[in-house]
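Labels run A, B and C following the written order; every chain starts at residue 1.
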Amino acid sequence: MADTGFLPKEKLNTLLEALSKKLQVFVPVLEGDVVLFRRFASGVTLCLTRPANLPPKGILFPQSETLFNFNFKKDPEDLKKSSLELKENLDFVPTIIFGGRPCDAQGFRIYDRVYLETDTADPYYKGRREKTTIITLTCNAPSPGCFCTSVGRGPAESDGSDLMMTEMEKGYFFEPMTEKGEEILKDSLFEDGSAYKQQAQKAHEKVSALVKKPFATLEGTPEKLLSLFDNNQFWEGEAAKCISCGACTYLCPTCYCFNITDEEVGNTGERIRSWDACMFFHFTLEASSHNPRQNKHQRLKNRVGHKFSYYPKKYNGVIACCGCGRCIRYCPMSVDISGIVAHAQGA
Amino acid sequence: MTIEKLKEAARKILPEVDVVIGYRQGFDPLHATPYFMTKPEQVDQLIWNSLCVQNLCSYLPFLKGKVGVIVKGCDSRTIVQYMQEKLIVRENVKVIGVPCLRVISVKKVLAAINQQSVKEVTFEGENIVVKTPEGQKTIPLADVAPRKCVTCQLATPLQYDVLAGEGIQSNKPQDTFEETKEFEKLSLEERRAYWEKEFDRCIRCYACRNACPMCICQDKCIAESRDPHWTSQRANVTEKFMFHMIHGLHLAGRCISCEECERVCPMDIPVAKIKKKISMDLKELFGYEAGMNPDDTPPMYVFKVEEATIEEHEL
Amino acid sequence: MSSIHNPYLPELATVIKIIDETPNIKSFQVVLNDPEKMKSFTFEPGQVGQLSLFGVGESTFVINSPPTRMEYLQFSVMKAGEVTSALHELAEGDQVGVRAPLGNWFPYAHMKGKKILFIGGGIGLAPLRTLILFMLDNRADYGDITIIYGARTPNDLCYKDELKEWEARPDVNMILTVDNEFPGWVKRVGLVPNVLKELAPSPENTVAITCGPPIMIKFTLQALSALKFDDEQIITTLEKRMKCGIGICGRCNIGTMYVCKDGPVFSLTQLKELPAEL
């Protein structure tokens, strides 16, 4: 990766407008006091000062999407017969996700292993992923509850991003990580960024040191969590205040579970893939009414276990938590997953 | 000091119950979090101040055995409503009432400090003092209190087995549903546009439903079921609207205005406004307020051929 | 069109025959509409499929016909929830979707030359059936075959015609039982795990394969261990609520293993390594 870039602050809008002409650009937008990703259009209030409430995961993994439509057609020669037609919904458009944080981009790396690195890859995720460029803003301060450096990430972590941008006094320093990132930097709006590289590096190190560390290391934690599997007292204690909603899961950049349901009106319908959460009672409910996780402490144990034990055991120790802190910030009862892991280590 | 009286009450009640639910310091200086105490030494961690926003009563219908719970005035209406609906056995609950004039809305404080992270929080008189990386800000509590505190008449809880402190009077104006009535002046189209814009952000996380003390059927919610099938999994405004309508209507005559639903929404949707409208209508139609008198019966639980305040259409 | 195979898209298939096995279990024989796809369809005994009823949903069933008999694919369905109830309303000629084969299969290659002990309860005979027929079609490869099969009542026994065939075969030892005495039933009475204990088969050079209701599996596994079967000699097949069937949606996991992809067939050795979350 050769060139870096610099964009003066006053040219940011121009850049976004130029990019929007060629593809759809999602940016963090302020609506009231909430920051969420919307399509860029003139008049949106861009907000880059804090991570979005809802991460941009819905851009690659929509909250609901039609996998395929089905259509029963009656045979005009014999009305008792009907034929069935399935139509896949696989059209995707080139997209840019602009202004997410390193933790947001990390979420997509967690998805990649599950959705792409398998002999049954997901064509919906793959189609979107391949056409998406991720431009990530490094953090200049930690957010309440966040702990990215304790899970192998950082406020300037580039894994999962195509182009990194760092806020400087008068503009943004850009550093490409992939060919897609380099492509963006070819735009004439960018000046040479090499003068800012060292300054950006120093800023990254400074912020990194500010991030809270709820635990010193996660070595041995996957095994420790498994050893606590049958310790109901531990999990009941941790889950006592949890109300078993899906806020943590839906706001989490790395959570990727989904549901598949059919909807039909008359002779046509669709099969829908939609977000689901292992925290809900119905997630593992079987038709016989047996439920392997009928209690909320079992569900919380599974969520923590999946992120800090099962996923790392399957994928070379990678923790399926990016430390963004959203689940802690937005939990109605302030359940703190980093605290639970720290307690488990000491249990 | 209230906190000393609270700790004393909790320690006294602990041997009689399986758990005492109170508050402790949360993940940062601006958050308290529910605290389930089973041992006397845990009571040392108990806190009491305007950060203690959660309605701890919502755990009660799901807990077995005997439970002690710390309860503010607004929370105490939950106990009363649970008694009306027989969702708790009152003798199995030891209510530690605490006098309260107001709590904070974390969202309002964060807005007042420009969403900065919080390094320290203290209370000085009627103010909250917040230290952030940018400096220090002193904010009057009245400016960052949630809607319910502005007109709260229950400075002393309605139900308690022990009161941690002296009973106090509220001295606040009565709720005249002014906000609701102002909103109703908008045209139907304007109101619809407002709610479509708000619900567009809804992610159907069901935090509002699960935090609601009255939503005890949350695991088998009719808004999620396939039989009967009222909503689909499509993430569009129609479906989100439908869920919120079902949720609101199922709370008619039951909502005790704790406004937990609005507090917990991660997308800042003012969902309590809908429940307030329904509460206002219930007051008008049946002269009824939920969670005030244990001997009441919620109007939606009773069928009367002739309703005193509703004029039937002539057939 | 996707540049890669779309694992969520079912193959269209037609129901050619429906058999009433018991008051609440039906078997469906389906044929893929595309004759080329049907001809080239391969699977291993123990693998499952997601059967789609468009507009209702999908549900997982073992392909309980063997790969040695490919005129159709057979799925046996117990009426329990939304999809299975709707499946029970189907008529011959109706269209369904099939996503198969999914999951792993019985390690039959390691069973060659051994004695095979099948222990089934109720609809648990379905996954065993595919392996039984496969082995009968390759009879010389396997030693003695013993089948212990029971249900609550004689009416709840599946594949009644086949049970008679297997009883009649000299190279199969067929033991049938029902839970309690029943008018007209002259054969054994007793719960399957108890019958197993009474018969006390030797673990010598034997593989035991069991499937049935969770409580029956639990006691059968205990009985087999008490009879000195090694964990490695005991095979079972599990069930969980499933959606994607390809190990992505995160639903059917037991610890690190996904029942749809790393299972549903597990040895007791493997099961004991997993957290106790059945």
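FYI, contacts are C-beta pairs under 8 Å (C-beta built on N, C-alpha and C of every residue); 3 or more make two chains touch, one makes a residue touch a chain.
No experiment lies behind these values; they were computed from the predicted model shown.
*Asks:* Could you name the chain whose CA centroid falls nearest to the centroid of all protein CA atoms?
*Replies:* Closest to the centre of all protein C-alpha atoms: chain A.
*Asks:* Based on CA centres, what chain would you say lies at the far end from subunit C?
*Replies:* The most remote chain is B.
*Asks:* Roughly how far is subunit A from subunit B, centre to centre by C-alpha average, rounded to an integer in Å?
*Replies:* Subunit A and subunit B have C-alpha centres separated by 31 Å.
*Asks:* Need the CA-centroid distance for the pair subunit A / subunit C, whole Å please.
*Replies:* 38
*Asks:* For subunit B and subunit C, what's the span in angstrom between their mean Cα positions?
*Replies:* Computed from C-alpha means, the inter-chain centre distance equals 50 Å.
*Asks:* Would you mind listing the residues of subunit C that make contact with two or more other chains?
*Replies:* 82
*Asks:* For subunit B, which residues are shared contacts with two or more other chains?
*Replies:* Correct list: 226.
*Asks:* Among all residues of subunit A, which ones touch two or more of the remaining chains?
*Replies:* Correct list: 259, 261, 263.
*Asks:* Please output the residues of subunit B touching subunit A within their complex, sorted ascending.
*Replies:* Subunit B residues touching subunit A: 19, 26-28, 30-36, 54, 58-59, 107, 110-111, 115, 117-118, 133, 201, 203-207, 209-211, 218-220, 224, 226, 232-236, 260, 263-264, 266-268.
*Asks:* Inside the complex, what are the residues of subunit A that reach subunit B?
*Replies:* Counting only subunit A, the residues touching subunit B are 31-34, 36, 49-50, 53-54, 62-64, 141-145, 237, 240-241, 243-247, 249-251, 259, 261, 263, 272, 274-275, 277, 280-282, 328, 330, 332-336, 339.
*Asks:* For the complex, give me every residue of subunit A touching subunit C.
*Replies:* Of all residues in subunit A, those touching subunit C are 67-68, 70, 72, 81-84, 86, 88, 90, 114-115, 118, 120-124, 126-127, 226, 229-230, 256-264, 269, 271, 273, 276, 278, 283-288, 290, 292-293, 298, 302, 305-306, 309-310, 313-314.
*Asks:* Would you pull the subunit C residues touching subunit A in the complex into a rising list?
*Replies:* 1-10, 12, 53-59, 80-84, 93, 95, 97, 214, 239-241, 243-244, 246-253, 255-256, 275-278
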